[in-house]
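Below is a structure I'd like to ask you about.
Letters A, B, C, D, E and F mark the chains in the order given here, with residues in each chain numbered from 1 onward.
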Amino acid sequence: MQTFPKKRIEIVVEAPLLRRITARLEETAVTGWTVVPVLAGHGRHGDWTAEGQIGTASQMVMLITIVDAGRLDAVLDGVFALVSRQIGVVTVSDVAVVRPERF
Amino acid sequence: MQTFPKKRIEIVVEAPLLRRITARLEETAVTGWTVVPVLAGHGRHGDWTAEGQIGTASQMVMLITIVDAGRLDAVLDGVFALVSRQIGVVTVSDVAVVRPERF
Amino acid sequence: MQTFPKKRIEIVVEAPLLRRITARLEETAVTGWTVVPVLAGHGRHGDWTAEGQIGTASQMVMLITIVDAGRLDAVLDGVFALVSRQIGVVTVSDVAVVRPERF
Amino acid sequence: MLTLALQNLLSPMVLFFVLGLAAALARSDLTVPEQVAKLLALYLLMAIGFKGGAEVAHHGIDGTLIATLAAGILLSFATPFLAYAILRVTTRLDPVNAAAVAAHYGSISAVTLVAVTGVLTQLGIAWDGYMVAVAAAMETPAIVAALLIARRRTKEAAPSDSRATLLREVAFNGSIVILVGAFLIGAATGTRGATMLKPFLVDAFPGVLCLFLLDMGLVAGRGLAQGRRHLTPAVTAFAVVMPLIGAALAAALAVAIGLSPGSTAVLITLAASASYIAVPAAMRLALPQANPAVALTLSLGVTFPFNLIVGIPLYIAVAGRIAA
Amino acid sequence: MLTLALQNLLSPMVLFFVLGLAAALARSDLTVPEQVAKLLALYLLMAIGFKGGAEVAHHGIDGTLIATLAAGILLSFATPFLAYAILRVTTRLDPVNAAAVAAHYGSISAVTLVAVTGVLTQLGIAWDGYMVAVAAAMETPAIVAALLIARRRTKEAAPSDSRATLLREVAFNGSIVILVGAFLIGAATGTRGATMLKPFLVDAFPGVLCLFLLDMGLVAGRGLAQGRRHLTPAVTAFAVVMPLIGAALAAALAVAIGLSPGSTAVLITLAASASYIAVPAAMRLALPQANPAVALTLSLGVTFPFNLIVGIPLYIAVAGRIAA
Amino acid sequence: MLTLALQNLLSPMVLFFVLGLAAALARSDLTVPEQVAKLLALYLLMAIGFKGGAEVAHHGIDGTLIATLAAGILLSFATPFLAYAILRVTTRLDPVNAAAVAAHYGSISAVTLVAVTGVLTQLGIAWDGYMVAVAAAMETPAIVAALLIARRRTKEAAPSDSRATLLREVAFNGSIVILVGAFLIGAATGTRGATMLKPFLVDAFPGVLCLFLLDMGLVAGRGLAQGRRHLTPAVTAFAVVMPLIGAALAAALAVAIGLSPGSTAVLITLAASASYIAVPAAMRLALPQANPAVALTLSLGVTFPFNLIVGIPLYIAVAGRIAA
């Protein structure tokens, strides 16, 4: 099956920021994303866990978006304008897709 | 530590279809997979969120399976026969594993 | 936007083992990780699902950690010392990050 | 009847639904977590099934049961053909989407069933416990009808698996299993069981229903915000008129059978309701080309609020007049 | 008063909190799942809002409502300036972190509100239903104050979006919407609604509160274990003294208004409480440079246990003496 | 006794379990969400612990407590050796798997404890509140025994961490902490606390138990479907005979101590039950080479249904005859 190269951006970010990130992605004409829950984590700010939390302040989510390489920089710029001062991690990796016109 | 190249297939698909996909994977002799919950998403069909949903129709899940490169095409063919008309996204990426005989 | 190569380790492991794995990661000076819930899976030990489970024994979680390539072997050694006799899967892939000093 | 309507409007149940709707439209971050929503639905179906069964254990079953079951199955199977015809004539929905929507309106909404029994209990109007079994029987025939329609009207290739598998899945879907299972348990354990479970299943029911309707309001509100673009005037009119047509058909059958006022109200409400648990999932498998947002926006965004706020008091009032 | 303190200490609510605290510090794997915790919070806010509204429907609103609302808003807006000044003088917190902490202490903790009403109900002391509305009104002004402080004292660039969006989000945050919404529904449905929902919302309340406080104990305990390093003596002292200052200000205002003993106790407790749902989330957006662990460790790890164990019985005793 | 068995068979609790079992075997998609299942378990343990404590506060503790605790610990520690011997002689399980299974049968099942108290309450048979503490004390000794067996019989390298860490984790595992914690709180708050929490913890108990047993049925059914291949005749026989052996030993000890009929029934049930929360998790760490599906299929798929449907009425009937 023929596949085509795209970029997969994985963003782990504080839950209260999610709406702003997706709004920014939409502005950057990203065609889609998927949000995955996160149970717990560890980083420079220490350990945290979602267990028992009633608010969203100390919770994180993981957003995954597949984008065309040509749009990668624009997307990263948009995302970093938001997350640079927040708690979170952004990684980019190579993936292949079957229906390239979708991204 | 010596590692060996494999393929990682990530499928975001509607929850009602999951059983059929795993059945198909089993037919294709895939050795294993992992299903991760999805909270929300955005795509050509608009936004959706799992929050407050009592049914599974408007819910999605993410399935991850590590397969040998030699079996990639067979697996993708089997999966696409199912998901091509459904809502969802399939990506493939390179990974390395330590115990290659398992996949 | 300039990016720098790192390694992404993805570990699917039994929930009761999680504390020991994160303790080991901390010993190996890993700077952070993220734990994602897992709904269900299939492998050599058969099918399992988190649904309806009241204990953690038959539950799995997915841990993702971004590390510097230079530390990959040390981390894998530490992790495999723990998981080799447990149920689970470990994969490694290449990713790019924007703030390399964090990992 | 005006009093009934007003009293319904000012019932905590309707108001919590409206609160949810308003919160969603105001883009509040209020949410009912997914697993909690599933717990609430599970509880309500268990409670209503059990209550129906216990009622049957108490009063027995009379001859009307078979007739009512037949009427329910007929309504469920026939309505989609009518709905399909109306949709094709009055709206621009293509055959596949029209068939999918028709399946939703032929089948029933367990949540609307829960709501009508909540109102009946509040008003002190009795209904026959076996109506729970009738509700379960009405879930599937509409799907069969829609598949027949889709096969005739569309040249689409067969879906990913056999009809048989699909219908088996629908027949054993979680909401039917808990509803029918709890009904049978209620019937088997009778008064002894009912006494034991009363504080949990009966006393707490109205409160849990309020919380659940808050959630339904939130989901409906978000669905409306998302699915607005599907709500053309013709399609929206369908979502209000179709329940009334279903209600009229059910009313006629109920009178013919000679159902009690309470059971008449339940049968009318079932016929007027549109599915959004079992059928949407089945349609994703049977007619994947149909856009799920169309049917869901209509069913949960328009028909459910209409039934909850206007329909149920209307159906109860009508049932009170026409029933034996 | 000693008896009251002892009775409070031996109440199941406090003991379940202590159990959670102890379990977390003993590194037990006891947890309340996230969605369950959110259900418990949703239930408690719904129950207290509804109860307040039903009480208002029963007793009506007198002139003190406006005065109390004004007092609450004033307390919420003024306290952060005071808190900021104290923090800057007595601790080493930088301006941004001090402003963030100040916002937490100006605003209120809905959970502490739930706890104080639980104790009042147990003691049979009545409070005015409209205090629920006062609580809602006290949530946001502190955030405005903190933003003013941060703008003046720090040269930080503007946060990622406009103040208006942020304040709108805070005003419509889930916990306020359910509290105020349930209040309005309680007020609209009055005795009829209250009777219907009593088994769920009233009778089960103390039990759910125990389960919830177990969770709060677990979360507070884990937060303390994690956030220990932020608890310098000066900062810890602030987390105990600031509630008492807020309490004193509220007590003075309550006497001036002429509130009943129960309502006085509620107003004092609100002023003495520190937010950890609405404000923490708002601060992540408005002042992202602030370390969230500092404010949360203080608010949930020190001030909440202090209020629950020592503060609430003290505030009730004081209110009993000073109130009309 | 036949009446008792029949009455048990027709109890809502058993029927909801059977419903879950049947739904799982029919491959229905009915599920209880994971976090909801954890809430139900948390609630039931909290309720039973609290009830036991409140009962102790009411009736005090007599000399039999110490003797019963000793008997429980003895049963828990001794049974694994017996179970291991039987497994090695009658089945083909290797030493490690046999040791792991033996640990499950020595320890107790908190869920079975909940079920037996549910039945006792329904029958109006009193049991001593301190049996809750006995249950907690019986959880861990079996794990120690299994580790001793495994060390002697297998040449496996040491597990990934020290025995001490592991035993500490088991002793502080969530289900023990909530059970013992709620017991202590019940004992400390006595009648006052019990009155306050009655609607939530006592009145709702049977209903929540039904929902929980539905879930247990679903999980057991899915486990059976998955784990069928482990159920050789010899291994299956063990899962039915071993509870009876444990029951017989416990019956003898209960008579020797002079326990009341209710407490005798509880002790017998505990001895006859097999763990599936604490021990499975501990075995994954202590004996990772053991296949977890073997012990879980036996414990939840065979022994639990056996105890629930046949065992508990039998144990209660026997206790009624032999106890003082």
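Just so it is clear, a contact is a pair of C-beta atoms (placed from the backbone, for glycine too) under 8 Å apart; a residue touches a chain by one contact, two chains touch by 3 or more.
The UniProt protein names, listed by chain, are A, B, C = Nitrogen regulatory protein P-II; D, E, F = Sodium-dependent bicarbonate transport family permease.
Note that the structure is a prediction, hence the values are computed from the model and not measured.
Student: Within the chain touch network, how many edges lie on the shortest path between chain C and chain E?
Tutor: 2
Student: Give me the chains shared as neighbours by chain A and chain E.
Tutor: Touches both chain A and chain E: nothing.
Student: Measuring centre to centre with C-alpha atoms, which chain is farthest from chain F?
Tutor: Relative to chain F, the chain with the farthest C-alpha centre is A.
Student: Work out the mean Cα position per chain and let me know which chain is farthest from chain B.
Tutor: E
Student: Taking the mean of the CA coordinates per chain, how far is chain D from chain F in Å?
Tutor: Going by mean C-alpha positions, chain D sits 40 Å from chain F.
Student: Based only on mean CA positions, could you tell me how far chain C sits from chain D in angstrom?
Tutor: 44
Student: Could you check chain D for residues that touch two or more other chains and list them?
Tutor: Those would be 29, 31-36, 38-39, 199, 203-204.
Student: Considering chain B alone, which of its residues make contact with at least two other chains?
Tutor: Residues 36-37, 56, 93-94 of chain B each touch two or more of the other chains.
Student: Report the complete set of touching chain pairs.
Tutor: Those chain pairs which touch are A-B, A-C, A-E, B-C, B-D, C-F, D-E, D-F, E-F.
Student: Could you pull out which chain B residues touch chain C in their complex?
Tutor: So the residues of chain B touching chain C come out as 1, 3, 6, 8, 22, 25-26, 31-37, 61, 66, 93-98, 102.
Student: In the complex of these two chains, what residues of chain E are touching chain F?
Tutor: The contact residues of chain E facing chain F are 10-12, 15-16, 19, 22-23, 26-36, 39, 122, 199, 203-204, 206-208, 210-211, 214.
Student: Going by the contact rule at the top, pick out the chain B residues touching chain A in the complex.
Tutor: Residues 10, 12, 36-44, 60, 62, 73, 76-77, 80, 89-94.
Student: Report the residues of chain B in contact with chain D in the complex, numbered from low to high.
Tutor: Where chain B meets chain D, its residues are 14, 16-17, 20, 45-58, 81-82, 85-87.
Student: Could you list, by residue number, the parts of chain E that touch chain A in their complex?
Tutor: So the residues of chain E touching chain A come out as 31-34, 37-38, 40-41, 111, 160-161, 215, 218-219, 222, 226-227, 276-278, 280-285, 288-289, 291-293, 296.
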